[in-house]
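Here come two complexes built around chain A, the first alongside chain B, the second alongside chain C.
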Partner chain A sequence: MSTRDELLAVKGLGVNIAGATVLDGVSLAIRPGEALGLVGESGCGKSMTSLAILGLLPRGAKVTSGSVTLRGEELLGAGEDALCRVRGGAIGMIFQEPGACLDPVMRIGRQIGESLEIHRGLKGAAQDAELRKLLAEVGLTDAERVLRAYPHELSGGMQQRAMIAMALAGEPVVLIADEPTTALDARIASQILDLLDRLRRERGLALLLISHDLAVIGGRCDRVMVMYAGRLVEAAPAERIFSEARHPYTAALIEASPGIAGVAPKSALRDIPGQLPAPGSVMEGCAFAPRCSLARPACSTRVPRWSALADRGNERGVRCLQYEEGW
Partner chain B sequence: MRNALFLTALSRIATAVATLLVVAAVVFFLMRLIPGDPVLNWLGSNYDKADYDRLKAFYGLDLPVGQQFFVWVQRLFQGDLGSSVLTNLSVVEELLRRIPVTVELIVLALLVALPVGIGAGIWAAWRYGRPTDHALLTATLLGISLPEFFVGALLMLAFSLEWRLLPATGFSRFAWSWEHFSHLVLPALALGLPRAAVICRLMRGSLLEVFGRPFIRASLAKGLSRKATLFVHAVRNALIPVVTVIGLQIGYLVAGAVVVEKLFVIPGVGAYGLNAVFARDYPSVQGFILVVATIFLVANVIVDLLYVWLDPRIRIGPRTAAA
Partner chain C sequence: MSNARARASLSRRIWNNAKIRYSCFLILALLLVTVGAGLIAPHTYDAIDAAASYAAPGSNYLLGADALGRDVLSRVLYGGRLSLAVGLLATLVAVLIGVPIGAFAGYVGGVADWVISRVVDLLLPFPVILLAIVTKMVLGDGLLSVVIAISLVLTPFFARMSRAKALSVAQLPFIEAAKGSGLGSGRIMAMHVLPHCFQPVLIMAALSVAFAILAEASLSFLGLGLPPPAPSWGSDLQSAMSGFQLAPWTVLVPGTAITLAVLAFNFLGDGLRDVFDIGERFL
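Presenting the complex of A and B:
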């Protein structure tokens, strides 16, 4: 893709927490109207990536390298005022556990209204009208009740819809959804994903969908990027990743996932042996080597480079020594 | 919401009245278990047995304890707390004259403790781990460790004796005048500052806990500045557990008032109660305890209502808001 139509671009992002590397050379880019899926086990750095984009890394975490640009404008190191305009403005974000992400002692209407006020200066009647429009857009029909409700008076699905309305209030061009359905039951989860899909089409939003669940990502995204231990290990168009996974980790992840749309499991579900390395422990060599069935001695000493794969004009890439010279 | 508030208030008041009666009964019997005899106190060591018996009968102290209690409760419902064994003055009149003084002192102490404590707590949490935080933690540790009478004595030394800014002791009748309030500045500080220290630490801890909750990150992610997030979302949530403890702190304020009134020679309920206990002046002690318990209970009813207002998750029902 040309850099011209990139809306949000992350390049070579590295993050340390207390000296331990948690993100290493993460690069991704999203175009308007595109849905990019970011997948990986818990703790692989997906959420850290989204927080770094918004400049909301936890205390003690430091960006060591890379850049984050929104419409060509650098966000890393930008002033707090500029970041406040971007957060909830150009970039909206929703999280896991909507119930915990809403202020328990403030009415929903005021919480969404806050966003309308800080990003669009809407107050009073104008704000009220816009609130009703937003609620209708996210499928919350009983506006009267919802606006006056406290978070605990809404169901999980309604809470997430309210969070989405809040994220939309600043008229974002990018929406980051970090595990938006993990805390919800299956039926509600698929409704929320449908809603995100619709909003993307109607508003031309660029969607960064983060999940540990390939099944959530697969059916909803144009492209998928797989992360492992703070590094991207594979990128591919969504329709190809299941049939043509190149990285052993992606393949293992697919074998371990039940019910991926359109892909019947070839065999019984297979667990991935071992576990994700602790942050900062293995950054020499391929982090997946200890769990990889194809690993050779070289895998634990050499960090694999990102290998671009030619694939009929689609951008594909993989970080595995198999695809490098001298394998 | 209104309805919830009303029902909660009603159930709290009913509980408070019952508690008051239990407290009264416990104190009534406990006082009589303490060695010492008010009539003997009054008569001194050289007395006539006939005088002694006459006085005992006059104050109704010759009756069996159970019957004394019955008589006391009966009179209580008629608004009569008897008269002091020491001065023969009506306990009710004496207390009514002194209650406003003590209540004013406590209110002034709260006006010191709440803003200072909550403000310092917010400041410390905002500057978590930095020098300001460490300084405040050290100062509040001192505040918690030093008793009111010591703080009072220090304030007296500095502001009255050294700098001659404020009167050391004494009292003047209530008026909206500097003359009146100047006598209460030091006592209110002596009473309020140790409480402020406790509230500061609680507020700091509560805020730090709230900072870690997901809705704070969500608030930042929607574009609120860190300051706005602190004041709009964090502080109110952090106040919920602190308010509960403030209710209990009122108990310390009442207890502290006894000492502070004595130290600064303020004619309040506390000084009265202290003298009454030393003299084994049963009717006065009982009246005093009743007043103290009432202040404490009223304060806690207010706190419970504040709680319902602060936290919408608390719903109707006598037990849900129990802290």
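Presenting the complex of A and C:
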């Protein structure tokens, strides 16, 4: 990929919390109009990555290495004012639980209006017109009622649409959706994913879709990156990752996922034995080694490097000793 | 629409609460008769009539007269102005200072929180009498020094409560989402933290007015309020001390007025606590 057309680029990002490594050498890049999926179990560092991009790491978390650039401009260590313009401005953020992420005592219209005001200076009638446009764009008809409603008066799907409208209010070029459908039922979830898909195409947004669910990611993204214990373990085009998973963890994740589009489960779903390591405990060697069926003694002592794979012109990569010399 | 129903149900719950309803009537009545004292009082509060010293309640002096022959009813009506004004003003000052400071400490945390919390801890043990003596020395006689003394006592409580509330609100996901939308800390505090302090603050404010009315009466009783002949429920009680066996109405009337006012605001606070259903967590 040429760096020229990268909109958002993360390179070698490392984050510590109280001395424990939670992100180690995370690199990703998204181009305009592209959807990148980030998959992994709960606690693997997906959300930490998105928070680090926006400079919203929790107290006690420190960036130890790497860079985050938006259109070539460094975001790590940027001033609070500059970051406030980026958050909700160039980068829109959609969170997991729309019900909890909307202020329960503020009307929807005012919450979205706040973003319009601080990022685009829209007030009064201009703001009202833009609010109606945004609601129509995210499929909320009956703007009159929605604008005056408090969050608890809307259904989960409508709340998430309102959140999306809020994320769009600053006219972002990048949209980060962190588990946008986890709190919704399956039918509403697919509607929300369709909406994100449509917005990406219509607005040319770069979409970073974060989920623990391969089925959510698979059908909607151009490329998929798999994370495990704070490290990226595999990156591949979405259409190839299910048929040709290279990393044992990706393969195990696919076998443990019900209903991935186009992939009928060969047999009963298979669980991955063991658990995600506690943060900071096993950063020597491959973090997946204790759960890996292919593990050899070398796996628990040598940290695997990122190996670029040749795959008919596709950008692929994997972090596994199998693909290194001396295996 | 569920919209209208949800809102209607809160206002109906407030109205259906007997404590709130009756205390509101009582407070309204107290405000009307004291603010309108100039219209309804049969005498002025300082009209002295030596011949009517300790006159019993009757047609000329409805609730009797005191040692100097001043009309007890008129003095109680005018005195209520001071008591209610001090009660409301001291609470208002305490809310305006205490709540933002407390919410700031709770939301920002860290060193600022530590410093503010220690200052609040320092203010808590000061008795209102001591503060009243100090403000009287510094600011002289007047409404202002009484209001400031009482609000100094109240402010730490509002600061503590709103700090606790802000501390818990700051952990909620919508604060994270607001940061993600690019809102600055000041805006988040003003728009998304402070509004959540509203209910506990309202409850505590009602109870604080009751406390402030009682405090003003105590200070006036001790001579730390407005100087005579300014009418005040507390100083009227004090001047009644010498002759209350002879003329019990001089004690009963201002005493009843204090009781009614304190009761009204206490009931209002109690009723609001029932309706808002936030328990004793922050109070």
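Worth a mention:
Simple rule for what comes next: the second predicted complex is superposed on the first by the 327 of 327 C-alpha atoms of A that agree within 3 Å, B and C clash if a C-alpha of one lies under 4 Å from a C-alpha of the other, contacts with A are read in each partner's own complex, and residues count from 1 in each chain.
We take it that a contact is a pair of C-beta atoms (placed from the backbone, for glycine too) under 8 Å apart; a residue touches a chain by one contact, two chains touch by 3 or more.
Note that the structure is a prediction, hence the values are computed from the model and not measured.
Upon superposition of the two complexes on chain A, a steric clash is found between chain B and chain C. Judged by the touch definition given at the top, the superposed model places A:R296 against neither chain B nor chain C. Residue contacts after overlaying the shared chain place A:F95 against chain B and chain C alike. In the superposition on chain A, A:R148 makes contact with chain C only, not with chain B. Look at A:R201: by the touch rule set out above, it reaches neither chain B nor chain C. Of the two partner chains placed around the shared chain by superposition, chain B and chain C are both touched by A:L54. The superposed model places chain C right into chain B at 297-305; the other stretches listed in 27-35, 63-71 or 297-305 stay free of clashes. Chain A uses residues 54, 56, 80-81, 84-89, 93, 95, 97, 100-106, 114-115, 118-119, 150, 152, 163, 166-167, 169-170 to touch chain B in one structure and chain C in the other. Across the complex, chain A meets chain B through its residues 51, 54, 56, 80-81, 84-89, 92-93, 95, 97, 100-106, 114-115, 118-119, 150, 152, 163, 166-167, 169-170.
Of all residues in chain A, those touching chain C in their complex are 54, 56, 59, 80-81, 83-89, 93, 95-97, 100-106, 114-115, 118-119, 145, 148-150, 152-153, 163, 166-167, 169-170. Touching chain A in their complex are the following residues of chain B: 213-215, 217-226, 232-233, 236-237, 240, 310-313. Chain contact summary for the complex, chain C toward chain A: residues 1-3, 6, 109, 172-174, 176-184, 187, 191-192, 195-196, 198.
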